[in-house]
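Chain IDs A, B, C, D and E follow the sequence of writing; residue 1 opens each chain.
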Amino acid sequence: MISTGYKKLVVPTIVIIMAIALPFVIKAPYFQHIIIMIFIWATLGTAWNLLGGYAGQVSFGHAAFFGLGAYSAGLLIFHLNVSPWWGLALGPVISMVVAIPIGLVCFRLRGPYFALATLALGEIFRLVFTNWVSLTNGAQGILILNTFSTKIPYYFIAFLIWGISLIIVDRMIKSKLGYYFVSIREDQDAAESLGIPTTRYKMFALLPSAFIAGLVGAFYMNYIAFIDPHVVFSLSDISVMVILVVMMGGVATLLGPSIGAAIYIALSELFRAWLGSANVLAFGIIVCLVILFMPNGIIGELGTLKRLFIRQDKKAMVAGGN
Amino acid sequence: MLKVDNVSVSYGDMQVLWDVTFEVMEGELVALLGANGAGKTTILNTISGLLRPHSGNIYFLGKEITRIPAHRVAELGIAHVPEGRRLFPEMSVKENLEMGSLLPEAKKKRKETMEWVFSLFPILKEKQNQEAGTLSGGQQQMLAIGRGLMALPKLLMLDEPSLGLAPVLVNQVFEIVKEINRRGITVLLVEQNIMHALKMCTRAYVLENGRVTLHGIGTELLNNQHVKEAYLGI
Amino acid sequence: GCGGGTQQGQEAQDVIKIGVILPLTGTEAMFGTMEKNSMEMAYEELKAAGKTTINGKEIKLIFEDDQSRQDAAKAAAEKLINQDKVVMLSGGYSSANTNVIAGTAQSKGIPFLIVTGSADKITKQGWQWVFRGAAAPSSKYTSALWDLFDKQIKPRNVAIIYENTDFGTSSAEAFRNDCKARGIKIVFDQSYEKGAIDFKPMLANMKKANPDVVFAVSYVMDASLIVKQMRELDFNPRLFVGGAAGYTMPEFLENAGSAAEYIASTTLWVPSVTWKGASDYFNKYKEKYGKEPDYHGAQAYATMYIIADALARAKDFTPAGIQKALKETDMMTIMGPIKFEDWEGYTNQDRPTTYVVQWQKGKLEVVWPEEAASGKLVFPVPKWNER
Amino acid sequence: MSFLEVKNIVKNFGGLRAVNDISFTVKQGEILGLIGPNGSGKTTIFNLINGFYPLTSGEIYFQGRRIDGLPPHKICALGIGRTFQVVKPLKRMTVLENVMAGAFLHTTSISKARSKALEVLEFCGLYHRKDMDAKNLTIADRKRLEIARALATEPKLLLLDETAAGLNPKETEEAINIILKIREIGITIIIVEHIMKVIMGISDRILAISFGREIALGTPREVANHPEVIKAYLGEAYA
Amino acid sequence: MSLFLQTIICGILLGAMYALIAIGMTLIMGVMKIINLAHGALVMVGMYITYFCFKEWGIDPYLGMFISMPALFLIGCLIQKYLINRLVEVDSILPENQVLLTVGIMLVLTETMRLIFKSDYRSVVTSYSTKTFFLGDISISIPMTFGFLIAMILTWLLHLFLTRTDLGRSIRATAQDRDAAIYMGVNASRITVITFGIGSALAAAGGSLLLPLFYLWPDIGHLFTAKAFIITILGGMGSTMGAILGGLTLGIAESLGATYISMGYKDVVGLIIFLLVLLFLPGGFRSFTRR
């Protein structure tokens, strides 16, 4: 028992030590920036994965939560002159609060209808934030000056947020919740008949997901230092891209979204720098290839870590059963 | 007419059929029996071309059909009423039947065949404009058989046609199968209702764990000790 | 922080690296491409004149695509500053991306010369490293128009329509405030989401309000649809003025066809302005790229000249040295005189020259200010059915 | 107070009246058989009891508590489990995990859910399949999985919808044994089945319906000899 | 009153334009259940082809349709055959990965067009582009009215095709149960290829008809995709007549919103109607026509 508990801690400890050392090894701020962007997308992907990958409720509107988080931070300074860092506390809460009615509405729908409803809601947020100028400053957006001139504080905050999101998701899927989420994904009627209150459990997946998305959104505001509705509520650049990130890395795997994020950011940066105006074309081709040849994402196809919690059970099972 | 020769099939790494060999003659009603998971459905799907054997050959009317695409098998005159019905749930009963008669010859006689099917299953006529997905289980089974008949096939393969039917219908379905056979359509029947199947068939094969272990005239097998013990529980 | 970049810049071998961030893909790519072409054209000219090598060091432009997205703009800025060790940044098309680049440049202490991004606030933050020369703050696009209104048109009431982007909203806001200051009644005031197929419900509503003058801020294709659909509705304000952007562009005329006639607009530049080199630039660009440029291209072209001028005067090629040289700029370009001054809360902002133009017989004529005019304003414009 | 009381329930699908004024009661510990021609409304009755469809009219009481109008998961939590005629395995989960999903109703501990699930799998004779992905099971095993999963929720009343369909006589024997074992541990059962050997052999009482209406209710012998049942359902062969 | 009538007329005609764009999608998404985020990009490619024919050879866009349609049919077939069909065979956790594939396709189509035609705005101006007639003081656009008629005709033809022909029925059957269709002798992969081809050709038709009224640049597809989605759901998945019903509803809702709320909020009005229909009329307007 002690030895397995000890072993369990080895890998995370190594990761944490490496992560702390990293910005002192990779000193170039540009690469630090890229790593921060990877953390941002990894966190957002992890959030989406909880709802979309595990619970099977594919949301095309996660930009709404991301954007709400970002605007919570932005509006604090814009209207109240309060440090946008408080957005890290406020943003997730607001996202979560807004997620409740969204969930109540959308969870009445299933499959593609759910996806389309979230898509519509995401767009409604973008339009309202664009047009409600007195509250949001409309399309002019909110501009702040970065708090820190070096990347290192941002790096650690992003790392922390990512870590928190992984821990939240990991804890959830390794508990009863995880089984319930996957049951709902696999067959909602069967789940209902097994006494699973599906709407409530979908909500249990949505709320943390919105929380994390709001958190990372608030961080985004602080880091990028400018937001407007068109960007943070974007359908194509946020809502769809986050699904792509998760699918590239591996749906319903703990680390898939993070791997997807690393690939997405690294590839799009490389392409942007090398390929000039053909960069988006190249990215599109890669997207097609990944989905065709790795339909369950990189981790999913590797098969080793596939549906992490399930495999672990099995190992434990064999040990316990014999 | 149909010859399955030393066929072996696997799902991934798991082999489920081992050198299965059997034959169906023109005009016969051959039953394929076996426990759950013995591989009966797998054989039918292999004949239909949905699965590829890794060894062995299948011949139909003297022609090798082992590796031709699935939709071409249907064109040669093999109709398959699959396990689990596999109807088109959002199409009406009538449209489902029409889907059964896509091939040119069947299409020519579509009207008459449909009348015939309706006379066999009057409930289908009544519900002809209802979506197939909202039929009850038994009604769906009738529709599936009806759809198979619409092709006016040379060989009709039925996978557990009595599954989920009320007793009155079970008898009726078997009567219909006999009737179909009497009209000159060769039938390959997979059935769990062993007593019934053995009584009506010309010959039968017993499949156990992916291998053919017994075959013979239906009524003879009915008296076979092994069959009695293993399947009839007598 | 910023120290690293500076030192690297000093010991740079024999090139002066300038980073230029423009949208080369995505929704704004059309303008980004035009601006890149114009800058390259200006560079060629400067090179031919031997002005791209200063003290043995050659100016090198590094273009980066911001994909019309601001996180990409941020990444591009980071890369240029930290990887490529540029000593100066330029570019910025949309206000959103310009904001992000400006913020990054300011916190890193790298001079940033804006090409187009026009949101007022960018140069209103007191940011010493951010310069806006060839581009005007969006609220100042209408300076000449107000002059014209005050002196000649004296409208009693106006209608405002604008796209709900940064540029549209801030232009409309400035215009609205100016109206209020003069007691002009605003009878209709609405924004729209760009990319609509049908503007008629809005236009029909506006027609009912019966304004003297319509002021519209639109991108090019919306602009042409709006005027065409005005004709379809037989809606006849006495004057229709666009707030720069769409209403002056060649594509506007091409698409709106005869409906463009008598449409007026404010603008920062037209090929027929009297500044030296303006028509040369226009003709040369058209010849080289087979397409007419508009004021965006001219901004980029002028910006390249401003950069070369500042570098030629810079004591050293450190960011600080360049910042100082930029601050002391006093030169003529095809966009008019350029000086970076602090005024009305702006920092390092050139005082723009604006014009009112009107489409007449398929050509853009400058109608205001009078000293630059190439034609006479037609006002009130004839009704659609009288043309 | 009866264990389950169904009072005058009606269900319309558009113009079709699938269940027409059915009433019956179930006593604790009994097995009630439900028979009727295909499409007579048996599955619909299950869907009404377990809350999948809202009633058009009527009332349903379970242990004295009115349950119509409650969502399916609440009804399950009250102690009514069911299987589906068209099986609904949780495909990308293993057999064990499928059953655990049911077992979690009464625990949040993974190890408790696991041991409960293993116990149920043993009981239903599915233990040897526990690590197989549910999507790879044969039909018969899927039906068994349906039962196991429902049992894992520890129901007081179990609704079995054609769980013996597609089984050969030998396997049917096994299925009967499982059902009887379920009854032995004190679970009340309503069973829908077309195989007479099963339904007649194990039911205490049988309710026969046709076109959504009751045509007979009584002991198996009474129902089997009821002329209307013979006409509508059994056919002359059974007479 | 006349403002109201003008708004309604505008809404109907706008709705017809939307319907034109959405007809292809009712086939691809409604019938085949492929959520195709590249739909707008296909419309866009169709428009570019029409534009090219006009610019190079002076072919009127209404005739250019007869070039863009076969061209898009071909492109659609290739996409289905070499991309989407390959996904059918793999087993993935979320069926939505097919959606992402279409995102990739959308990017590729858009950027390819950008490389060929640059990002410039293009438009085709014809003699009839802005022709109108007046009923009282209500203005009615002639090319839009024409588009309205074509939309009706195309929808009706598509409906007949799907319900009255074996090919049409095979398309629906394949969408509902691929293996079962194969049992019936349907060459399922060819059917899906043809279907996607027809859907793309219809998208091209919509694009060609819209071109004289509208304009064109590589990113225009996003706009169309969003509208087509809403319409397909409004009309009811799988219902061909739904394209018209959904298009008209959306058009009228947006126009009313633009007149009586604000042009900036017109899309919000459309989206809210969309949500309401999703929630309260799960089958879309098809629920009305069925019972």
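Keep in mind that, in the parts below, a contact is a pair of C-beta atoms (placed from the backbone, for glycine too) under 8 Å apart; a residue touches a chain by one contact, two chains touch by 3 or more.
Each chain and its UniProt protein: A = Amino acid/amide ABC transporter membrane protein 2, HAAT family; D = Amino acid/amide ABC transporter ATP-binding protein 1, HAAT family; E = Amino acid/amide ABC transporter membrane protein 1, HAAT family.
Just so it is clear, the model here is predicted, and its values are computed rather than measured.
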Inset, instruction - State the smallest step count from subunit A to subunit B, taking one step as a move to a touching chain. - result: 2
Legend entry - Chain whose average C-alpha position is farthest from subunit D's own: C
Legend entry - Farthest chain relative to subunit A (centres taken as mean CA coordinates): B
Inset, instruction - Determine the centre-to-centre distance between subunit B and subunit E, using the mean Cα coordinates as centres, and give it in whole Å. - result: 42
Legend entry - Whole-Å separation of chain centres (CA-atom averages), subunit D against subunit E: 46
Inset, instruction - Please work out the Cα centroid separation of subunit C and subunit D, and write it as a whole number of Å. - result: 73
Legend entry - subunit A and subunit D, separation of their C-alpha mean positions in angstrom: 42
Legend entry - Per-residue overlap in subunit B, given as positions that touch at least 2 other chains: none
Legend entry - Contacts with 2+ other chains: residues of subunit E: 93, 111, 114, 262, 264, 267
Inset, instruction - Can you tell me which residues of subunit A touch two or more of the remaining chains? - result: 127, 130-131, 277, 280
Legend entry - In the complex, subunit E residues that touch subunit C: 3, 6-7, 10-11, 13-14, 17, 111, 114, 118-121, 123, 125, 129-130, 132, 134, 139, 141, 210, 213-215, 217-220, 223, 251, 254-256, 258-259, 262-264, 266-267
Inset, instruction - Provide the residue numbers of subunit D that touch subunit A in the complex, in ascending order. - result: 50, 52, 71-74, 76-77, 81-82, 84, 88-94, 96-97, 100-102, 104-105, 107-108, 110-111, 113-114, 118, 131, 149-150, 152-153
Legend entry - Complex contact set, residues of subunit C against subunit E: 25-30, 32-33, 161, 164, 190-193, 195-202, 204-205, 208, 220-221, 224-225, 228-229, 231-234, 251, 254-255, 257, 259, 291
Legend entry - Residue ranges of subunit D touching subunit B (in the complex, touch as defined): 13, 35-40, 43, 85-86, 136, 138-141, 162, 165-173, 194, 196, 232-235, 237-238
Legend entry - Parts of subunit E lying in touch with subunit B, wherever the complex brings them together: 163, 166, 169-170, 172-173, 176-177, 179-188, 238
